[in-house]
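Pasting the structures in now, so scroll down.
Here chain A shows up in two complexes: once beside chain B, once beside chain C.
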Partner chain A sequence: MLMISPRMASGMQEKQYTPSLLSFFIYNPKFGPREGEEEKKILFYHPIEIEKNEKIRNVGLCEAIVQFTRTFSPTNPAKSLHTQKNRQFFHEAEENYWMVMVVRNPMVEKPNKDGKPPTVEYQEEEIIDSVYGSVLQQCYCMYKLFNGTFSRAFEAGGVELLTQKLEKFFYRYLQTLHLQSCDLLDVFGGISFFPLDKMTYLKIQSFVNRVEESLSLVKYTAFLYNDQLIWSGLEQDDMRILYKYLTTSLFPRHSEPELAGRDSPLRPEVAGNLLHYGRFLTGPANLKDPDAKFRFPRIFVNTEDSYEELHLIVYKVRERVNVMDLNREFCEQLDSLVGPQLTLLASDICEQFNINRRISGPEKEPQFKFIYFNHMNLAEKSTIHMRKTASVSLTSVHPDLMKILGDINCDFARVNEDEEIIVKAMTDYWVVGKKSDQRELYVILNQKNANLIEVNEEVKRLCATQFNNIFFLD
Partner chain B sequence: MSDEYYLELSENPVQFENASSVNNVFFDEANKQVFAVRSGGATGVVVKGPDDKSSVAFRMDDKGEVKCIKFSLGNKILAVQRTTKSVVLPDKRTLKLLKSQSINVNWYMYCPETAVLLLSTTVQGNVLQPFAFKSATVSKMSKFEIELPAVPKPAKLSLSERDIAVATIYDQLYVMYLKHHSRSTNSPGAEVVLYHLPREGTCRKTHVLKLNTTGKFALNVVDNLVVVHHQSSQTSLIYDIKLRELDGALNVHQPVLPARSINPYKIHLTGPAAAPSQAPVPCELYSSSWSVFQPDIIISASEGYLWYLQVKLQPTLNLLQDKGKLMDFLLRRRDCKMVILSVCSQMLTGGDKGNLSVVATVFDKLNQVYKEYLDAEQAYTAAMESGPSRSSTSYKRPVRTQAVIDQSDMYTHVLSDFTEKKGVKHKFIIAVLMEYIRSLNQFQIPVQHYLYELVIKTLVQHNLFYMLHQFLQYHVLSDSKPLACLLLSLESTYPPAHQLSLDMLKRLSTANDEIVEVLLSKQQVLGALRFIRSVGAHDNVSARKFLDAARQTNDTMLFYTIFRFFEQRNMRLNTLFTLIGHCEEHVAYFKQVFGENALMKQATA
Partner chain C sequence: MIQSIFSDEHTVVFLQKGPLVFVSVSATRQSEQQLRRELLHVYHQIVSMLTQASINRIFERRKNFDLRRLLFGSEKVLDGLLDVMDSDPSFMLSAVQCLPLPSSSRDALSHILQKAITPDLVFSFLIANNRLVSVVQEKTVLEDARLKPSDLHLLFNLIRASAFQAGEIWMPICLPLFNHDCYFYAYVAYLDPPECTVCLVLLSTDKEAFYAVAECKRKIEEAFASQNALQWVANTQLYYVDDISVANLRHFLYKPSKVLDHHRQLPQFTCPEMEVGYRSQEERIRLLDPYRNMHNRIHSTSRPLKLIYHSAGKETLLAWVTSKFEMFACFTPLVTKKSAISELTKLLRWIKKEEDRLFICHLPKYSTAPQPGRSSTDRGSSARPNTSDTGLLSLL
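Then we have the complex of A and B:
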């Protein structure tokens, strides 16, 4: 399939506004079914300053839309509502618990002559449903990771406890949503895996098993290096959201001061000395401190069946393990057991890291950039994104190209068959999307005057070199 | 308690008439024969060897008290010594003097296994002069001095032959010296000092075995272990000279296991005095009438028994807590296989904390020996293949000792039972299997498919598919066709197994047919065709199975596409569908759906 999508460049004095969060609310229609009790339905509303009646009206509207669309598709009611100024996203996170996110469309402010107020032009088509729909779902998953499900909180302490928890969590969390830089990666919610040889991997396995055996409080272990996952004892869905938390929130918070000036995601952290070099990222900052607090964040996993409540311990020696449960004695035990061994393993991995780098050759700008995602193991690889920080995820390509990627992804989502889409974008870029079984690959090529056949050949070559060890139809 | 005795007397001892006033008993160490000489030989000489075949009975004239009696090797010549200075050979034979050495000798000791003769020289007797005999030549080896605990003044003979024994341990010749406790030195007990006697070069003191007690001792060597019997406590100790790392130039050893008596032994009374139904009576162990000979012989002349001393390995399991050391010990024993395997089973079900690191150590020790054997075998095969031309170093096929515990042994005797065991946490089971695989990988031993199967079976049983996925992702379970097929069979319970399987088949690069089959079975006809084209095999592939699969989809456009593809291919290759066989029905179907004219014109093309 071939699509040509030329876009006009915008004028000079225009002012561009990125999408932003207008409101965010959570309600349960069952909590105020009678007239006059509508306010009871609302469990959380942001911004808090909104007048009560307006809140009720907005919630009522969403309820009505969902109800209305349900008559057409009982199992699959409306997921979003497009309007000129904004877009609303609906998500029934748990039965009867609805989450709604309202995003203002990006807009362009065009100045008018003669002192007239500027004309505002909303770019209604710029927002991709799947991207922001995923962001909303992520909000729920993150809440659930740290608080458990809505219904459990309600069972334990009624609406009061639930609203308390919601407010406490979302008040801070919504501030960290950076809607302007959401893209395809939010749809995938993938995990970047650290490539490792079999032997080192087995050593890590052995290490993890021994730690879990000697510290019986440790229920699950995940092992990461350089923000990339190597091993997860947690199930995939739990690991997915925990990974998101670790790599976009916890690690950046801790690494920014110590690694200031690190510009490339590919630069290994300084080896340091190989003596025991570990520390806790959650819990006590310094074990030697007699007043150290041994409090760790609680997390909830396997909420579908066993519903486990655990403590998250993140321990770092240039890479991290995280495990469960507290107190000083335990921490010291963990510190003395894990620290030295982990330090040794880290040097093994670091060696591997350098080998990988040597193989991949010098870091020169390649002719192409790509995003790869595998739905089966959530493996994600992007050469488009520079690195994740607490604030923004930086991409190295124009937002228009990212929009094309998002559109191709939507096309892929519609059909179940393998597909390939090639798009010629403005400024000589070619964008290629390939879907083979459960894998998706998006390539952005910057080749002047290339024709369709050449682009196709180029992508084939890329697949042959980068993905030769997997079954990827060409 | 009975399973605490780690030494025992052989079950089938050599029995002979016990020593008495009319019956003299002699033992020949070279032939391992016992001579029972009744009345100086007049009423019979019965010779019993280690097996029944070597038993001989004869009579000879009583010409006085027999001091010593021996056969030559092969029972050809009998020699009888009746006086201190003459030896009688019953047949008329002559002896020839081959070589003579003139040395003042206090006593001598001969080791038949190695054909080495030790002579005690000097006044104190502690300078030993060894001679090596080899096919009628005698060579003088360099002499050496045994360090005495105290030097007597005036000098007198201080080294007795009773305190010296010669034995082969780990293929090396050692002179063992029982150094008694001396009040003048501060040593807390007696010691056995081992002098290594190499074929060439000088003899050096290499090992000291600490006995930690005093009294009367006797030495045996069994299965490369030095056994020290202590008469007053009626116990024995065993020492393994390889079981200690170097402590300077000299190895000081403590007993491997706590002191234990030899396993109690009962004897059936025979002869006229014994009633047939009489219960066997306990044999007096460590009796003063016992004589001990090298390497492993114990003779009770008063009861008429010759036993071989044996080591029982099973009791060591409970006596040696350090599993790593236990493994080191067991791996050097002769009949160790089943015991090692039972140690493995025991440690996996023991459930002690920190067990995994023990498991890892044990696996590493086993695989080290296993790997050494594999390497030797490989080197041998390579040498054989390169031809006998350069057989300057004659290669011997490596001997597979019992200590070589391969994957199939582990699987059959340890791992498969262990994974089935109730009450063992699955987390531990998986950790153990991974540990074994890690160890094999560490020694670069290719892992057998059945181990992977066991891992997968265990993971599937406990619904740990994500774990399985990660293992496969990191190629911990190596690619193979059987493994790929196993994964395919898991697809119904774990859909991603399909992808994992296809990836694996792709990497194998010899499984293109299998990939096509998998895709066709999923009705991915176009995908299958594109794949076969991408590997350049589309000219040889059978059109029929593609057309069959396309028909099954009930998608006429798909059928059209596939049909056209093969039509064009065959045109290019100049063959007809009919020529490559069995496609008539598809041609007919094509005509029926798309009309006769849709077919390409063969002749004019």
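Then we have the complex of A and C:
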């Protein structure tokens, strides 16, 4: 992506290039161990136009690097490789299956006088390894959610089936990667929870129990409001990637018509079931049409132990969504049972939402800019990110500050102890990072003339209101 | 070209200088830039023994020359350098640590050095306990180039590695940042055998000047004896943090910025002797790690910082850069922010008070009158290229 920033007083413009995907490939060295068979190792390669020999060379280089680093630590081989112009990330997704992502470093092109070609300056420090390494790992998790593991595919249909699946998935998925806006939240891969009062929470729980009891095919249920999770019966890791899929891909796709308003022609035909507002986001768009064909997307969960393949049913009532997994379709039953009850619940939750809103104040300018993440339940909260579009989340702070947060997160990751790091940036912004007992909190303060003690007091005030009893303070 | 490879436990860094490629595999958590700078020091140490011109020339003539033939016997020097880089903060700060000495004593010592000169003598150093006591320089030298701390570190390392005690050494040495293509000739001798803590180093550009330079040393020795100068050095008070009476502060590094002239000419830093708990080599190495990490963050090229305050399990650390100085401090882990700030203020006041004693405040110069009979082009030229040596250090 190219952004023009007119900076120089002389009127000549510098061009700023953001990081972008150069190539992405998946290989397994066991598939082509002998000379002359190298091409067999490559299971997926993007961009496809690259000449065969160059692909083989690149894969060979990655293999060599991994082997080289294994001499120093057999269990912890290379994770990233830096050159001046790009950065390569390595991830052994499954045994012997390697995924490699190559990102071009951000750069600045400065025009030269006298018709000389512009000088290019590469900004290597702008890319934080942990962020993009996490993005690569997420690529695998997303693939696994919809296709199961590599080894299962190979067992079921050999290399042909595996390459087919990889091609089909990654061709589309890679287009949705927005590398220029990856940041600390990608490292966390957290879930935003919706805080509820006890009564409503219990009502939801009992509703979910009733659904699961009466519809025996429902294996797991997850309950969301807007983009926030209330309850999930899935394993944490599965829920995490499913949540990402729902909030960045499925919901945004379906939200436009909703927002268009009741009388707008954009609104799809919801055939006359006036008893409730429920409809399926995956599966049948219109229940009343007997000829309409529909399919539920299949997902794979619990891949470590039981390896279940389920169908994903996402059922939405206004802003409330029920995600259920089952083995066969039975939508009408679901519709008639879930619809009305969910509608009733809806108004309860909506009320709670308004109460919450009143307490936390207007969302225009949050009082404190912070990011919070809890490693134990994956709960994440950010008052810095404003999700305007599906996959690109805008931040209300300068990107350099986000990178400083990334640096602090890296420092925290070095030891397993409770720590606090307070930093004053060149722009006189203060950044405070606290890590305590599996929870991390990052606060950005715009108080230019404050000193360390005052900054400390401000953060104490924040912790008292929002994070009572969580962080030890001095 | 590949610059570095990262894995969870190791970092591999590459550096290419001319025909030589350096590779470092490190289990410390230093940044790529810091590791590359260490490789650069190793390169410079090799240059200090061979000169850059020789290295380039050799490989031009024979592409697959085995440099080990020329580096035979110098493993101790390189090993010593790698070891000392892990525990000595002077490399990280690019500055020299001086021996604390009242400025009157230091001036007197410098004066003695200034008097004992001979043509073609360019630098005279007095070193005690690996700290710089005094340095005097030939006047015209400064017009061409400046003495860099990195060169001094390499010089100190060479002397340390040679591990000689009594007697004297006359050896060729190249100062890479000063002039990487030619040799000086260093006369090195300890002035206080058998303790061997005070070392005199005289650098000349004349290969044949051994006797003249040895004569300078004799004059210096005489002057020292008559004024009992060695006693001043022996009595010097290396200071401890306790002397400043700040209860929670355990250690610090303080480097004045280049605002003042003498710091621009020779960057220096000061730090107290290690307290109990940091005396062993392992502890020293361990403490340098967080210092280095903070140094890396605070001097980042893309997002530099002004201040870092890091409360961790074993200690609380602070890094602070202002226009006047740069400092790193280490406190007990349970210190409160209020105490840390007040102790820091106390420390800064103490340093200001003791400034004259802690740092070398001016670098005296002398001029060597040209020998009768020498051509006028010799005067003022800092160092003539010497092409005959291959730089074997026979005494190492």
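Quick note on the criterion: the second predicted complex is superposed on the first by the 420 of 474 C-alpha atoms of A that agree within 3 Å, B and C clash if a C-alpha of one lies under 4 Å from a C-alpha of the other, contacts with A are read in each partner's own complex, and residues count from 1 in each chain.
The definition used in the following text is that a contact is a pair of C-beta atoms (placed from the backbone, for glycine too) under 8 Å apart; a residue touches a chain by one contact, two chains touch by 3 or more.
The model shown is predicted, which means the values in this text are computed figures rather than measured ones.
Undergrad: Let me test your reading of the model: by the given contact rule, A:418 touches which partner, first (chain B), second (chain C), both or neither?
TA: A:418 sits against chain B and chain C alike.
Undergrad: Looking at A:438 after the superposition, I want to know if it touches chain B, chain C, both of them or none. Which is it: first, second, both, neither?
TA: first
Undergrad: Decide which partner touches more residues of chain A, taking chain B and chain C as the two options.
TA: Chain A has more residues touched by C than by the other partner.
Undergrad: If we overlay the two complexes on their shared chain A, which of chain B and chain C does A:236 touch? Say first, second, both or neither.
TA: So A:236 only meets chain B here.
Undergrad: Between chain B and chain C, whom does A:78 touch in the aligned arrangement: first, second, both, or neither?
TA: It touches chain C, and chain B stays clear.
Undergrad: Go through the superposed model and pick first if A:377 touches only chain B, second if only chain C, both, or neither.
TA: It touches chain B, and chain C stays clear.
Undergrad: Can A:175 be said to touch chain B (first), chain C (second), both, or neither?
TA: Neither partner.
Undergrad: Classify the contacts of A:453 with the two partner chains as first (chain B alone), second (chain C alone), both, or neither.
TA: second
Undergrad: Going by the contact rule set out at the top, does A:164 touch chain B (first), chain C (second), both, or neither?
TA: Once the two structures are laid over each other on A, A:164 reaches no partner at all.
Undergrad: Need the overlap of the two footprints on chain A, from chain B and from chain C, as residue ranges.
TA: On chain A, the residues that contact chain B in one structure and chain C in the other are 418, 474.
Undergrad: Using the touch definition up top, name the residues of chain A that touch chain C in the complex.
TA: 65, 68-69, 72-73, 76-84, 123-126, 129, 400, 403-404, 407, 411, 414-415, 417-426, 428, 451-453, 456, 474
Undergrad: Along chain C, where are the residues that touch chain A in the complex?
TA: 1-10, 12, 25, 29, 32, 293, 297, 300-313, 336-338, 341
Undergrad: Write out the stretch or stretches of chain A touching chain B in their complex.
TA: On the chain A side, the touching residues are 193, 196, 198-199, 201-203, 205-206, 209-210, 212-214, 231-233, 235-236, 239, 374, 376-377, 379, 418, 437-439, 469-471, 473-474.
Undergrad: Which bits of chain B are touching chain A when the two form their complex?
TA: 353-357, 360, 427-428, 430-431, 434-435, 437-438, 441-442, 466-467, 469-470, 473-476, 495-496, 498-500, 502-503, 505-507, 515, 524, 527, 530-531, 534
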